[in-house]
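Each of the next two complexes has subunit A plus one other chain: subunit B in the first, subunit C in the second.
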Partner chain A sequence: MENYYLGVDVGSVSTNVILIDEDNNLISKRYLRTQGKPIDILKEGIKNLKDEMGEFNVCGVGVTGSGRYLANLILGADIVKNEITCHGVASLSYLPNVRTVIEIGGQDSKIIILRDGIIVDFAMNTVCAAGTGSFLDRQAFRLGIDISQFGKLALKSTNSIRIAGRCAVFAESDMIHKQQLGHNQKDIIRGLCEALVRNYLNNVGKGKEIVGPVMFQGGVAANEGIKVAFEEALNTEIFIPPNFDVMGAIGAAMLAKEEVKKKGETTFKGLGIADMDYKVKGFECDGCSNLCEVIEINEDNRILARYGDRCGKWTNSLKKSNAKLA
Partner chain B sequence: MKITFPHMGNVYIAGKAFMEELGQEVIPPPRCSNRTLELGTKYSPEMMCLPFKINIGNYIESIEKGADTILLTGSCGPCRFGYYSVLEKNILLDLGYDVDVIVFDPIGEGVGKLKDSVSKALNVRKTKDIIRAGKLGWPLIRKTDELTQFANEKRAYAIDSNDVDIVMEDYYQNIENTYGAAELLNLIDETHEKLEAIKIDKNKDPIKIGIIGEIYTIVEPFVNLEVEKKLGHMGVYVEKSLTPTLWVEQHISKFPFGSKEVNEMFKLAKPYLRTLVGGHTRETVGSAISYSLKGFDGVIQILPLNCMPEIVAKSILPTVQKDYNIPIMTLVVDEMTGEAGYLTRLEAFVDLLKKRREGKKVGKLLFGC
Partner chain C sequence: MKYKIGMPRGMLYYDYYPFWNEFFQELGLEVVVSPKTNKEILNEGVLSCVDEACLPVKVMHGHANYLKDKVDFLFIPKIMSIRKKEYCCPKILGLPEMIVNSVDGLPPVIDTVVNLKKSNLSINKSVFETGKYFSKNPYKVRKAYLRALESYEKYKALLNKGVIPMDAIKMYNKAFKDITNHSIKHNMVIMVAGHPYNIYDEYINMNLISKLSNEKIKVLTPEMISEEKIIHYSNMLPKRMFWTYGRRIVGSAFSVIEERKIDGILYISSFGCGIDSILIDLVQRKSKEKKVPFMLLTLDEQTGEAGINTRIEAFLDMMKWRNRDEDNVSTHG
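For the complex of A and B:
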């Protein structure tokens, strides 16, 4: 049986499940929509892998993304890492001399600055989601075109129009205004791509030294219009890795591989988790005025974890009872 | 007269005991919670900064518990804080709360006015009595600050950092049951002993991070999403650039000369910012430099959304980062801040600092410097 490493990225918009081999080659990838049901989608992803690959050994598991703690509980990961480190690690494996990574995902966008193979600086969008995948998704919907066609249409435009991209709400009203003026659709789309890039560089990239080689990854990298707009704005070539949409998961798997080499064996619970029954229960703790929403996850009628409490009353209660059982 | 005051980190602990010693009845606001924030957001102007919203929430919750007089410090710097007292009073009156607001304006605005407010609030007549009361309150503030910092240190070195939280949670719960300075000091000493007893790993060489920014945001755990605790659990040693202790030194005990540490910050910030632009801009810039000189691995600036003085500091910090070669990250907080994204940034920053340290060690081995 082959030895593979599993990487899982549970994000706001997509959940990515991938397998890499000992040499970091991508063996299989699943790009699924999270749809607000991370546990079900995660199980589905694992099941898909099982169906596709037959029997195989999982030697290590890495999880990342905003749902990484949840994924860790369910999978028993060897390493739980934030998205920035994972994206940095993965991009270095594709382009060892990369110095800037632009990553635009569903709800956040990042810039990672690397020098000599080390992350030296990074930034994420702070208080505004204008310029992320879900914003584009919404505008594509409003224009009545499929998001996969969005970039291609932008490239057809010869005349760009300027759309205010400072804020998602204003961008939308400005876009409607431009439609009412009679501008054609492809020019508006190109304008939107440029607005997004401008917003990214002004917000996330502000004060950062962006020098090539520049790599562009995350779901939005599928959009050629944005890529071209970045190239024009930065006046440099932009590299898009072949698996741009699952780079976070690849990074997590690579880190898991390292971790397992260090500690000897994996803590992965096995592919059987796809058939386990998970129940999530939420309740409001009335111990103090914080009224924390405590979440309890059950795996086949056994309490797996409790979290969400500020004071640690519920989180710690479980640790103690576990210790007693052991 | 039942006195209350807004929360600001652990100041309420010393404030409560201090006023109880003077024979006043004190109703400290319940610890900041989501309800506090909800109430505050509902009754504050939307574009107002976060501390204001928490203040309003605190007042309403205290009034519900029976408070009828609010104590607040004033300010005459070019920052919105100067208008807090006026605006807050009007909002409370509009809501139909019949409360008295007593403002302690800076000494620079006239000693007489301040003395009047102090006598009224603390029920003392003579300057001599005020000074005596001050001497009583001052060690309380220092002690509570020292305890918080000791807990931060312990968290970084502890074998199980959760033990620190259990001790500290116990401490916060017990404060409500103490009365006066003696009981409080007792509790602090006991807590200190308990913290002392927590097993630590002496061989640890934790990453050191300085938290900088406007004082309210960095000392109030509810507002900064418990940044000290979060970093502590990642095994990071945390220090804050401003504390209530420093504030008292700067504005009261060492007035008009100012605290030595704060003056040092001003001096360091001078090449970047020569004058007061409001709030704690100079302190923020200066402390970033001072942490770099002290050999800290990184600095995190925390600012409440749309805080003007901190935005000025934020725009200066990239230059400091370059000149002093120390990573600086800025985090913006407001009532919309998501905890997951906040944690991701903190984790990534700690990862970055760890890698950087490793890289430096390798560099030393290679080049022998």
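For the complex of A and C:
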């Protein structure tokens, strides 16, 4: 039976589940839409892998993404890592001399600056989600275009028009104004791609020294129009790794591999979790004026975890009852 | 019967509480402080405050609202200037007016004007005018003033020894021998820079300082750096900084960067802060020049911790990685 490492990236827009082997080769990947139900989609991803691969050994599990703590509860991961570190590690394995990584995902956009194979600086978008995948999704929907056609249409344009890129709301009204003036759709789309790149470089990339080789990854890297707009703005070639959409998960699996080597064995709960029943219950604790939103996760009618309370009343009560059971 | 005077735990509370608390108590008043910021206080603040204000100002409204039915007087000083030729943020200048006009049903508000723009002696005027509300005897007011100063000096001394204001405010009047806990070994030292009302309000910054302490990180804040150093290093700027808090933040950050006392800087800013927009850039440029990791965390009303946790984790990972690469030679002696 083959030995593989599982990497999971539970993001706002997509949940990615991948397998790598001992030599970091990608064996299988699943790119699924999170659709606001991370647990179900995660189970579906694991089930898919099982169906596709048949019998295999999972020697280690790494989780990342904004849903990484949730994924950890369900999977029993060996390592829980933030997206920056995971993306950095994965990029280095594809392009050891990479010096800038541009990553644009669903809710986040990041820039990672690497020098001599280590992360020396990074930035993420602040409270604003303009210029990320969710925004593109929304605009594609509004224009009635399939998101996968978005980039190709932008490349057909010969005359880009300027769209305000500072804020998603301004961009949208600017787009409507331009559309009502009679500009054609592909020019508007190209303008939008350029606006996103401008916003990214002014906002996330502000004050950073962007030098090549530059790598572009995350879901938005599928968009040709954005890639070309980056190349024009930075005046350098942009590399897109073959598995650009699951780089975070690959990095998590690589880190898990290292971690398991250190500690000897994996804490993974097994592929059986795909058939378990998970229920999530949320309630507002009325113990004090903080009114914390507590979340309780049940696995086959057993309470798996509670979190969200600032004082630890619910989290700690669980630890005690677990200790009694053990 | 003792009069009750309310002090909202917001804005410059961590700067002036030890002084005014002692002063009012000495004059025979009972001082009531609002609890730490919680969801209810934040909600009330956001509801009553004008929309354009920054988060800490909204939080301050919530604290005033909390106290309004529990006290006979509310103390919200109008702090114009606390250093010669320098000013405070416009929102601080107009704070009592903003609150009086936004929160309904307030008790009488004592809005002592503190304006040391021309001379430090103006503090006497502020103190005696405030004292007049509660005592006709100028000697009694003077005595209270001296006691207040004494407490304030003790508080400042604790801060300079590296005690975080949240702890110092609880212990400045108690006898103590050694406040430094030598048993804790720190992996790294980080300066958390920003305005005091952002870095010490554990609710709005989602327990940032305890999160760092739990990772065995020693935290320095601008309030722990001595006044002399702040002045010395802020004078490195080509132009004079005329905001007192701006000078404190920039001067303290420059001092720890130049003296290589830290592994990184985390800047906490509330969304929409005008002064910060300049300060952040100044601090960021300096840390880039000296190759010190820098990260900005922007706070607003969000309560989801995922975003802030990811950023902190990534920042710590990066610093560990960098430190490991420097042949394990610590950058801070």
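Simple rule for what comes next: the second predicted complex is superposed on the first by the 325 of 326 C-alpha atoms of A that agree within 3 Å, B and C clash if a C-alpha of one lies under 4 Å from a C-alpha of the other, contacts with A are read in each partner's own complex, and residues count from 1 in each chain.
Here is the rule we go by: a residue touches a chain if its C-beta (ideal position, glycine included) is under 8 Å from a C-beta of that chain, and two chains touch if they have at least 3 such contacts.
Everything numeric in this text was worked out from a predicted model, so none of it was measured.
Overlay on subunit A: subunit B and subunit C clash in the combined arrangement.
Once chain A of one complex is fitted onto chain A of the other, the partner contacts of A:G207 extend to both subunit B and subunit C. When the two structures are aligned on the shared chain, A:N316 is found in touch with subunit B, with no touch to subunit C.
By the touch criterion stated above, A:N82 is placed in contact with subunit B and with subunit C alike.
Of the two partner chains placed by superposition, subunit B and subunit C are both touched by A:F122. In the superposition on chain A, A:D300 makes contact with neither subunit B nor subunit C.
Touch criterion met: A:S66 reaches subunit B and subunit C at once. In the superposed pair of complexes, A:C288 makes contact with subunit B and with subunit C alike. Taken together, the two complexes place residues 66, 81-85, 116, 118-122, 124, 126-127, 207, 288-291, 310 of subunit A in contact with subunit B and also with subunit C.
For subunit C in complex with subunit A, the touching residues are 35, 38-41, 203, 207, 271, 284-285, 288, 293-296, 298, 300, 302-303, 306-307, 309-311, 313-315, 317-318, 321-322, 325.
Per the touch definition, subunit A reaches subunit B in the complex via residues 66, 81-85, 108, 116, 118-122, 124, 126-127, 207, 288-291, 310-312, 316, 319. Against subunit A, the residues of subunit B that register as touching in their complex are 30-31, 33-36, 61, 162, 165-166, 169, 226, 305, 315, 318, 327, 332, 334, 336, 340-341, 343-345, 347-349, 351-352, 355-356, 359. Across the interface of their complex, subunit C is touched by residues 66-67, 81-85, 116, 118-124, 126-127, 207, 288-293, 310 of subunit A.
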